[in-house]
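Here the chain labels run A, B, C and D in written order, and each chain numbers its own residues starting at 1.
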Amino acid sequence: MVKTDIRVIYGDTDQMGVVYYGNYLRYFEAGRTEYLRAVGIRYRDVETQFQVFLPVVEAHVSYHKPARFDDLLSVETVLDRVGRASARFAYRLVREGMALASGHTLHACVDRAGSVTPLPAELAARLRTNSPE
Amino acid sequence: MVKTDIRVIYGDTDQMGVVYYGNYLRYFEAGRTEYLRAVGIRYRDVETQFQVFLPVVEAHVSYHKPARFDDLLSVETVLDRVGRASARFAYRLVREGMALASGHTLHACVDRAGSVTPLPAELAARLRTNSPE
Amino acid sequence: MVKTDIRVIYGDTDQMGVVYYGNYLRYFEAGRTEYLRAVGIRYRDVETQFQVFLPVVEAHVSYHKPARFDDLLSVETVLDRVGRASARFAYRLVREGMALASGHTLHACVDRAGSVTPLPAELAARLRTNSPE
Amino acid sequence: MVKTDIRVIYGDTDQMGVVYYGNYLRYFEAGRTEYLRAVGIRYRDVETQFQVFLPVVEAHVSYHKPARFDDLLSVETVLDRVGRASARFAYRLVREGMALASGHTLHACVDRAGSVTPLPAELAARLRTNSPE
């Protein structure tokens, strides 16, 4: 599991005084990128070196408690499945030990033309290493 | 079912050249607001007149094909369930007859203090009218 | 001058109950794209056909009155200067005849490598046509 | 001057492969909030304790070099003017010593009704303290 800190800015809130529901997917993305960095992958390199992309094919968020302006949040990210041409991440958004939201994203591996393609061996190996603690 | 047109702006895209995955929830929101308007409810009034809010407690998106800059999209919104203190909307995002994404949002009805409260009778009645065609 | 209608969504607002200040630049962008379309240019084509980009090098916004959720706004866009390798647009954001904000953006013409390059002749000619009314 | 670190996420970029021009105002906001925190003010408290808001009445950005996905940026924020009912912040967005953008925001002090009101004495005093180094 990898923790990523997020400070909620004003621009993330909406007029209900809480974080806008779509912005949780931005926080999940930040968590995902840091997860990859923790296992030695810069997402920047995924696209330039491996010539593949990992677009999201499914996203799910359960909202438990609202996040608010200036909250210091932590995104806890795990990789919960690696397929031949896919990977699935799960997330918990936490404030002072309390889960505010949870969810997952499912990613396909596609080439530059957008066709599904197997995960490059080196990339799959890195993802399959034991999750960092 | 209610259709809402959306023009994709540059700011909605990301460096993959397609719409960023979190922005689909913005499009769904636009569809939801127009759905409510079509059955005679301005969401603005939900908050000021009825003194309730309808925060999202669950959101799900399945991404089928990428939406791109300058696409003219249509969000097709239906209300697929009204509970005592909840409502669920389903969405299809369509470009020239092709579904690019689909999903749903589940909403709780809460009062100003954030406690779950039954949908006000008038609001529930409007939501339960036959869906506009 | 070209008018572009914008419906303010919930996701555009912040906890002050008004549109977040950064989102006005999204509205300006929508106005700019429609201005170009009105003079026969699809911005999509600028990048693919002419192989140039028009990145913003300067942006300015004056905020007069707040825009709010569900407002139906109109962006009034004019092209107020075309240089050898630049173009400048000016904007007014209007609600029911009242200007809520005004501003401008200055754009450089750059090639794929990011170097400043003269506006392609055909593009400049289109921009220099009398402004559409 | 107060430095605030920002990690660029994918959702901040656009299809030109760089940070979308409107998102720099999000970065400036993050810098401004941290500036206030450094002089002992939580913006959250400005609204709840002092019962005033500091909406932006003018924003300006000059874009020098593009910021890119995964860049670790630093927003350098200074308060360059405090008026009776206004305050002005200036910003530099820096990556490894190189300024990518600069700009300023001018803020009015308004009460809950939106009327301009003098900066509360305690708030003004804190702002007028020598800038933190």
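Quick note on the criterion: a residue touches a chain if its C-beta (ideal position, glycine included) is under 8 Å from a C-beta of that chain, and two chains touch if they have at least 3 such contacts.
A quick note: this is a predicted structure, and the numbers were derived from the prediction, not measured.
Peer 1: Any chance you could check whether C-D or A-D wins on number of contacting C-beta pairs?
Peer 2: Result of the comparison of C-D and A-D: C-D.
Peer 1: Using only Cα atoms to place each chain's centre, name the chain farthest from subunit A.
Peer 2: C
Peer 1: Report same or different for the subunit B and subunit C interface, where same means the shared residue numbers exceed half of all residue numbers found there.
Peer 2: Since more than half of the residue numbers are used by both chains, the interface counts as same.
Peer 1: Whole-Å distance, subunit C centre to subunit D centre, using C-alpha means?
Peer 2: The mean C-alpha positions of subunit C and subunit D differ by 23 Å.
Peer 1: Roughly how far is subunit A from subunit D, going centre to centre by Cα mean, in whole Å?
Peer 2: 27
Peer 1: Send over the residues of subunit C in touch with two or more other chains.
Peer 2: Answer for subunit C, listing residues that touch two or more other chains: 10-11, 16, 18, 22, 25-26, 29, 69.
Peer 1: Can you check the complex and tell me which residues of subunit D touch subunit A?
Peer 2: Interface residues on subunit D, with respect to subunit A: 7, 9-11, 25-26, 29-30, 33, 42-44, 69-70.
Peer 1: Can you name the residues of subunit B that touch subunit D in the complex?
Peer 2: Its residues touching subunit D are 10-11, 13-18, 20, 22, 69.
Peer 1: Which stretch or stretches of subunit C touch subunit D in the complex?
Peer 2: It is residues 16, 18, 21-23, 25-26, 29, 53, 55-63, 66, 105, 114 of subunit C that touch subunit D.
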